[in-house]
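Following this line, the structures themselves.
Next, two complexes with chain A in common: one pairs it with chain B, the other with chain C.
Presenting the complex of A and B:
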């Protein structure tokens, strides 16, 4: 446990801290605490927002916000789980501007909604050749209708 | 008239480098081919900043749904006749991305390609050999 995880647990009493190794900590919080926790790590501790990850797991969509504390070289990953039937979590972009594009990408590829995001437009998929509301990184996504014929089948 | 234009093309082909959603590895090798060690410029090959000045189009990467309209637009802007050279296995055959939902096939399905240079990434020597082969076709 570092001083920062102790501070974090004092502030967010119901959070769960897992030490992966001395330079990697997972801080699991409920999804209504995500914005406050991100603001705490970013503004008060002074961590740098590195990137976020969205994963389609069995229990729901897991969202990981990776914050790097450059002074000590430790990465603190803020972790939350959102249910699949209600995939939304408040956007941290108003507090952490660097999360803008990765939240757009998670919305586009996983279908997780981020209320409060200033500009939640598609980012990566084609604007002419792709219908919205198809989420390719979900486990139940059927890619077969989208895959073009193989080049070696060309005559 | 055509012979004169081909003659001009052969003397000093100006190349527009179009990175169509590549991983940048082929692009780095193309730049390596232009540096003094391999020195593509001794054949008069120069990179230009606009497709309107280009005699040859060097395309890297697997053409995905988002960048296919851009590739077609750049190809339409080049003055014809224009050599099209596909660099890297992605440009030749989609490489490992062939099962992806986002891939529109190798770009030879959409525009005519003169020379393919396979490799992941191709060595600068292979790129030079491919460009020389393309010039030999003229």
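Presenting the complex of A and C:
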């Protein structure tokens, strides 16, 4: 445990800290604490927001926010679980501007909604004919219609 | 452009050019000559690597991620194998760590020289362009000698590297390092001594330190704004903690600072490779890996453009359950929205190129008005080069 994880646990009493190795800590919090926890890591501790990952698991969508503490070379990953029937979590972008694009990407590819995001339009497919509400990173995504070759229009 | 200062117009740059790796679409919002805003659209080259990686075996993924980027094609497999090693708690032999470091630093040299050349071309210094690329060539030849390929080296595998650096390669590597060091020093002196280049680069495209931290920018873009981060030092991996070297930081935040960071960094890379060649121990170059145990792992390394971040999760099967890739440009590009504001259209190409994303887009610049072409990529290049000429003429007087 580092000084930062101790501080984190004092602030967020019901959080769960897991040490994978001395450079990788996973901090699990409830969904409604995500914004406060991200703001704590970013503003008070001075971590750099590296990226976020969304994972479709059996129990729900897991959202991971990776914060890099560059002074010590440790990555603190904030973890939360979002139920499948209500896939949304408050946006951290107003507090952590660096999360702007990745939240747009997660909305687009995994279908997680981020209320509070200033501009949640698709990041990658805004200029394509990709229909919205098809989420390729979900387990139940059917790729068959997308891999069938389209007939060549030889005009 | 129109003389009407109050009229806002959009100058589209991009979106697509098949030659380089990252097509983006920049919408420059301009008032007369001045840039007042920027919107970025991307996704033109989205190939679904994360989706694909989850359907490949652990040994196949390095080959897939190697193809994410053609210029820094060592960084992604390097970060991925470290993520897998973190996840499976796999040790890597010492010699493999040194070989990984050497290939990684050679890649940094060739990538930075590529950028210097293109930046020179943008401001109308084609000599800089030709020189930088001329001295980049021997580095690519080195890669061909060591790995068999000028690009896509395929050196990394989980548990080690795939090819050894043979003793007969070492004298050739040293010879190229001597050449590169001499020429980069010459190029640095030539660039920094030229008043016209200084006038073009100094104070242009400033990214303040505060914004750099807020936007989480990485690599030379961050270090040129005074943010002292470098994954090679902050989280020592491979052989970076075995050799002495310095992190190059400049506080100004303008294009000149970014150029200086890259030039000086190339010299640091030369230093690292020399020390690695000296201290490289003998021994095996890979550990046999039976399986990746269930768990999760993060691997990251400093690519030429900044931190590359890979996250993997394993359930003990032969494929990753989830594989997240974050390239440095994903964080750096958004900083253009700040860095380009307030400068002229002639400087825009340079500002957008300063974070070292993809230059291809500027070649496709086209502004239409009433269906007639007013402006295209050549025009932007011409404007940029003309501005250099104007400064040059002014200095002569």
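We take it that the second predicted complex is superposed on the first by the 146 of 155 C-alpha atoms of A that agree within 3 Å, B and C clash if a C-alpha of one lies under 4 Å from a C-alpha of the other, contacts with A are read in each partner's own complex, and residues count from 1 in each chain.
Just so we're on the same page, a residue touches a chain if its C-beta (ideal position, glycine included) is under 8 Å from a C-beta of that chain, and two chains touch if they have at least 3 such contacts.
All values reported here derive from a predicted model rather than from experimental measurement.
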item	value
First (chain B), second (chain C), both or neither touched by A:1	neither
Chain B versus chain C as contact partner of A:64, first or second or both or neither	second
Partner chain in contact with A:149 - chain B first, chain C second, else both or neither	first
First, second, both or neither for A:129, with chain B first and chain C second	first
Touched partner set for A:53, first chain B, second chain C, both or neither	second
Superposition-derived comparison: chain B or chain C, residues of chain A touched	C
First (chain B), second (chain C), both or neither touched by A:19	neither
Common ground on chain A, meaning residues reached by chain C in one complex and by chain B in the other	124-128, 136
Touching residues on chain C, where the partner in the complex is chain A	15, 25, 41-44, 46, 48, 50-51, 86, 89, 213-216, 218, 229, 231, 234-236, 295-298, 300, 307, 309, 311, 313, 321-322, 324, 326, 330-331, 334
Residues of chain A defined as touching chain B within the complex	124-130, 136, 141, 143, 146-152, 154
Of all residues in chain A, those that touch chain C in their complex	20-21, 23-24, 26, 48-51, 53, 55, 64, 66, 68, 70-75, 77, 96-98, 100-102, 109, 122-128, 136-137
Chain A contact footprint on chain B (complex, rising order)	64-66, 68-69, 93-94, 98-106, 109
